[in-house]
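Note that chain A is present in both complexes that follow, paired respectively with chain B and with chain C.
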Partner chain A sequence: MDMGEIIGTTAEDVVARRRWMGVLARASGAEIAARLREAAPLPPHTRLRGPEIGLVMARGRQGGDGAPFNLGEITVTRCTVGLGSAAVGHAYVAGRDARKAELAAVLDAALQDRALRPGLLDAVIEPLATAQAERAARTARKAAATRVDFSTLAVMR
Partner chain B sequence: MAYVAVKGGEQAIGNAHAWLDEARRGDAALPAVSVRQIEEQLSLAVDRVMAEGACHDRSLAALAIKQARGDLIEAAFLLRAYRTTLPRFGASLPLDTGAMRVRRRVSATYKDLPGGQVLGPTFDYTHRLLEFALAADEGEPPVPAPEVPADGATAPRVTGLLAQEGLMADEPPSDAEPGDLTREPLEIPADRPLRLQALARGDEGFLLGLGYSTQRGYGNAHPFVGELRMGEVAVEIAPPELGFAVEIGDILVTECQMVNQFAGSRHEPPQFTRGYGLVFGQGERKAMAMALVDRALRSAELGEETGAPAQDAEFVLYHCDNVEATGFVEHLKLPHYVDFQSELEKLRSLRAAVAAGAEREAAE
Partner chain C sequence: MRAAALSPGLADPVADAQGCFRAVLDAMSRPGSVRRVPADVRPPAPLVPAAAAVLLTLADAATPVWTDAGPDAAAWLAFHAGCPLATSPEDAAFVLACGSPPSLGVLVQGTDEEPHRSATLIAQVAALEAGSGGWRLRGPGIEAEHRLRVSGLPSDFTARWGANRAAFPRGVDLVLCAGREVAALPRTTAIEEG
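Moving on to the complex of A and B:
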């Protein structure tokens, strides 16, 4: 299959790639697979590494903003695939869903191809991002409903 | 830590485990509880097992709870054992809890603060009366929680508000690589990052008791909950093959900033200092207890009086891990036949010597 131009490492490219990798990491494997059924078929890929399950040590900061400390580990699945001759896709996703990690890696590779990207953004990434934003917004609205409105209380001095 | 020193008895052990399987299932006429149900409906048990198992994976923690028949320390043990089978891919960037999407955020020090008091899904203000409606097998799902438009702003930290006035001791900015007690044995003195790691995975009950002791006078604590927040934060890692950081998902965490008086020293003016708590999941009691104990353990470096149990790092850090503690306490029930035989012989010879002495005295 003919591959288009592969994106580079300009700041703009990195911002775009960070975004779709974050969206894919937050989606479930079933959600990604469902969106892919709406997209043009992906070119064949080769597994270069994984999918394999491992751990990432999550860190916090003492006092919230001081020196880092180790909070505890998180299960993570990673996968690296090759697509065509040039594009290499990576995925690091929380959890133990090997299929999801592989789909995310294939999509990361395909999305780096400037020819494939617009179609995949429209069919896969944007709908997933919209659903995630709506879930987050619903949670925020529920939280807002539990915000104490002191103006309803008598003034205390 | 497990103590396994058993020979023989294979048949008995096999049968005991068969009975365990049957007992775990309970009345077979009832439907089995699913791991998904535990994950969704016993979510605070899942959170506690992830925190004390020091491994964030909701479905694994739920499975551990099911396998352990609801014994949460046993479940944490199972999770700790599982994690040893996995490779470590690296460490995350430090979580930015300031950018948390808060579900709950309360302050006991300021009534009106930017971002407001957000109660979230809390047990606070419930009457603690049993709700017999929940005893019905198939209750109607509750009506969806009310929603009102959200302003989308993140809530600034209360400690930041105090720091602006110079009233809160700064956390020195640092990106130092923290020690990791899962890689190197914990040694005393332990620096604060190591102490926080031990406390974050420590037993909630043990830390709660210690935190309580600081309030009752064992350690000179005058704490205020500057801020308690619970919500989702993004986890980011920067794998070398990518050369930039990516988000791998969101996790729910609870953070407590405990504000404490500090009388000042020759080098520092009187100001507030913080005790800090951060745990996986929704674990408010644990985060608060952790913050109290963190502050108590800072007493020596702040030049305060020490000597209370919660201020003794060796005592606290070597005994707060419930998986280690249960290993050493529970190993007492395993065969000690040889040890005990020598104790018996020693005791018999002591008694014989005493009896012989008494006879000699009587004869004289």
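Moving on to the complex of A and C:
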């Protein structure tokens, strides 16, 4: 299979890559595999590292803007694959799903290829992003239905 | 920018690294004996499998590595070992020399209180042959003497090694790699030209 130009490190490339990795990280391994079955077949890949499981320290901020603190360690699976001769895809995903980490790494490598990218964005990333947005909206609606308005307490101060 | 072509590291990281560690330990405790690294690894040129396997076994995020092997090999090591790359041999915990090794005196020597904080030189040589001919080795770990023939080191290397020995307990240790074979000389070993 012909490999196209590999994307670089311009600001747009970084933003685009961040977006597809974020979508892949939030999707489940089964969801990614199901979308991939409907996309054009990918060129064969070689495993460069992993998939392997390890721990990373998750950090948090109290209230979202306090001083950072160590929240605790979470399990992370990482994988790096080579696709064709030039593209290298990396994936770090939360959890112990080795298949998901490998699929995300393969997609990361393939999406860096300008020739493969449009087809994969349409077949895999956009449907996953739409499903995730719907899920988030549904959760938000459920939460909104049980919302308590504290405006009366504000008056008492 | 095109990503440098990466090749896989150790096929089974835990078992292979343990096997390589045993090979280096045996080689270091019996100076002059030649061991085979059990790992199947195909590093980018000019790295040989033995040198690559030794570094993947010993180097990690706490040990800066300096190498003259070029950007592809350095990137491969940094990716698979997770080691920082030193900009000069004086700052490195492991020095991998594919060409002529740097002067032993400029490498980290350790201190009299903490001689283990010294650098280890990993030198790629053309061939290693134990048993007959070449250097006569004496010192701890050797009952009478070991013979080791090393091809591909500079001709003044034994003189440089003598100076390294004189600073004991400070000094650097040496690991010699050729193909898949590894031999080691701790700083206590004396070399006599055969």
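The definition used in the following text is that the second predicted complex is superposed on the first by the 145 of 157 C-alpha atoms of A that agree within 3 Å, B and C clash if a C-alpha of one lies under 4 Å from a C-alpha of the other, contacts with A are read in each partner's own complex, and residues count from 1 in each chain.
In this section, a contact is a pair of C-beta atoms (placed from the backbone, for glycine too) under 8 Å apart; a residue touches a chain by one contact, two chains touch by 3 or more.
What you see is a predicted model, and the numbers here were worked out from it, not measured in a lab.
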Combined model on chain A where chain B meets chain C, clash or fit: fit
Partner chain(s) touched by A:A87 [first = chain B, second = chain C, both, neither]: second
Which superposed partner A:K100 touches (first chain B, second chain C, both, neither): neither
Comparison of chain B and chain C by chain A residues contacted: B
First, second, both or neither for A:L48, with chain B first and chain C second: second
Partner chain(s) touched by A:K142 [first = chain B, second = chain C, both, neither]: first
First (chain B), second (chain C), both or neither touched by A:R26: first
Contacts of A:R35 with chain B and chain C, given as first, second, both or neither: neither
Minimum C-alpha separation between chain B and chain C after superposing on chain A, in Å: 8
Footprint overlap on chain A, where chain B in one structure and chain C in the other make contact: 9, 52, 80
Interfacial residue positions of chain C with respect to chain A in the complex: 1-3, 5-9, 13, 79-80
Touching residues (chain side chain A, partner chain B) in the complex: 9, 14, 17-18, 21-22, 25-26, 52-76, 78, 80, 90, 92-96, 136-148, 150
Of chain A, residues touching chain C in the complex: 6, 8-9, 46-49, 52, 80, 82, 85-88
Chain A-facing residues of chain B, complex: 50-51, 54-57, 59-60, 83, 86-95, 97-98, 101-104, 111-112, 116-121, 145-152, 157, 159-160, 171-182, 192-194, 196-197, 200-201, 231-232, 234-235, 237, 239, 241-251, 253, 255, 257, 274, 276, 278-280
